[in-house]
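Input: one structure, supplied below.
Should a chain be cited, it is by its letter among A, B, C and D, assigned in written order, with residues numbered from 1 in that chain.
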Amino acid sequence: MTTASAELAARIRKSFQRQTMMQSLGAEITGISPGSVTLRAPLSPAFAQQQGHGHAAVTFALGDSAAGYSALSMMAPDHEVVTAEIKINLLSPASGEALIATGHVIKPGRRLFVVRADVHAEANGSLRPVAVLMGTMVPVDA
Amino acid sequence: MTTASAELAARIRKSFQRQTMMQSLGAEITGISPGSVTLRAPLSPAFAQQQGHGHAAVTFALGDSAAGYSALSMMAPDHEVVTAEIKINLLSPASGEALIATGHVIKPGRRLFVVRADVHAEANGSLRPVAVLMGTMVPVDA
Amino acid sequence: MTTASAELAARIRKSFQRQTMMQSLGAEITGISPGSVTLRAPLSPAFAQQQGHGHAAVTFALGDSAAGYSALSMMAPDHEVVTAEIKINLLSPASGEALIATGHVIKPGRRLFVVRADVHAEANGSLRPVAVLMGTMVPVDA
Amino acid sequence: MTTASAELAARIRKSFQRQTMMQSLGAEITGISPGSVTLRAPLSPAFAQQQGHGHAAVTFALGDSAAGYSALSMMAPDHEVVTAEIKINLLSPASGEALIATGHVIKPGRRLFVVRADVHAEANGSLRPVAVLMGTMVPVDA
């Protein structure tokens, strides 16, 4: 790992640790590269919808944060990121052991970043697509 | 309250109580009428983003569930509702004492319901718009 | 009409006349007030989808421009407006004599405007909802 | 080309030719495979926005139709397709000689298809990303 990416990883981990929502979900960062961040969280019975699957808000939380940190990974060190808007299309129930969300920057910009995230459910060692998100992130002064 | 609306309220409350996500957020139903449901949850330090405001996923959770139950309030009793897609535009930080989300059915349908939700933050007795959501709900057999 | 609103109307009409898409659709501005602009266009057999109804792009064109000019109506005179993103939920076929789109500013801002638009079809003197749009507009230097 | 794909191509071309919007834009089908359709249209001064670039509705028209025909390419022959909702994120101005839109099926389904489309501008022989779309298509009886 180069010094540059160590700095980047430290910056993203620092912001991530301040997101108590991520701690409450038991989420962890499993991948960081410029323009892409991956998060993983176990599916918990405490955050279910009425059929016992993960609530769409859990899928949203991971997808939104993965997309946001993907944008942050391409911003200057003195910036933070906030979500302007994001849309989620749900593909299948959030069931299994865990959710894995990978964000990607579609288009960086001075004022706006267009991002997407893909969320999969991990069950018995295989991955199944659960949702896709597409949104707009805004760089703000830290 | 008429018998019809008592039946409706009971049906929505029963589904709501199965959503452990709503219990974990401390959410409650504060209004039910045909085509519109209102939810309220205190803002908790356990579900914050990196700046200490409520994570977008909390705003999303309440807006999505309020919109979904608004759709359910116009479905036959033997149906459940699932979200196909929903988009959230964030207007201001989720800060204050509580979030209040009101869902509305824009267009009911046999196969699809188009819905929206408005989410406000309650702070010092006044309300401030936090987000708007617009999405598609699908009726499924219970 | 006050001087201020005459200036505003002139500014919006000037931009509108440069939108050759609006001329090709036969669209006209039928209402301008601060934060809301209404457009109207006849439904033409030249812009249909495969079933003979208006193509979703016609509904989108009117909704997007109505929403954009609603935002422009709240910007300083030296600004133009561009669409960052917009979502359309289609409610019923675009059939009848004309489409009428009314835009509204949900939240103005220095960097982003959140907007919506409601599109109706006019048929035999009555109006039917055809689509709702929600999006983000960006002020840029003219 | 197998018989099956000749049948598929014929079915998509037949529907496409009924879309007078596509004819008015000068659009043509440049690629058909199961789950993906590509459309191309010259950028015309008749369909511009106020700065002279292609109006977002042109980009939308191509992206929406490419996504819709991608879904149709995976449906049984007695079905047609209608758009339930679609969101467009605009990445750069629609300028150059032509727009090229490629649709993809993200998730087929009995009641709903989740789709996306990527739109590029062709200028001086190179391609530049102009927009991404993500939406929901509904199969209906032809």
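Keep in mind that, in the parts below, a residue touches a chain if its C-beta (ideal position, glycine included) is under 8 Å from a C-beta of that chain, and two chains touch if they have at least 3 such contacts.
These numbers come from a predicted model, not from an experiment.
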item	value
Chain whose average C-alpha position is farthest from chain D's own	B
Between A-C and A-D, the pair with more C-beta contacts	A-D
Interface residue overlap between copies chain A and chain B, same or different (over half shared)	same
Inter-centroid spacing, chain B versus chain A (mean Cα positions, whole Å)	23
Between chain A and chain D, centroid-to-centroid distance (C-alpha), Å	29
Gap in Å, rounded to a whole number, between the CA centres of chain C and chain A	34
Residues of chain C touching at least two other chains	84-85, 87, 89, 114, 136
Pairwise touch network: line, ring, star, complete, or other	complete
Of all residues in chain C, those that touch chain B in their complex	87, 89, 91-92, 106-107, 114, 116, 129, 132, 134-136
Residues on chain A engaged by chain B in the complex (per definition of touch)	15-16, 18-21, 23-24, 45-52, 55-58, 60-61, 64-65, 80, 82-90
Parts of chain B lying in touch with chain D, wherever the complex brings them together	84-85, 87, 111-112, 114, 136, 138
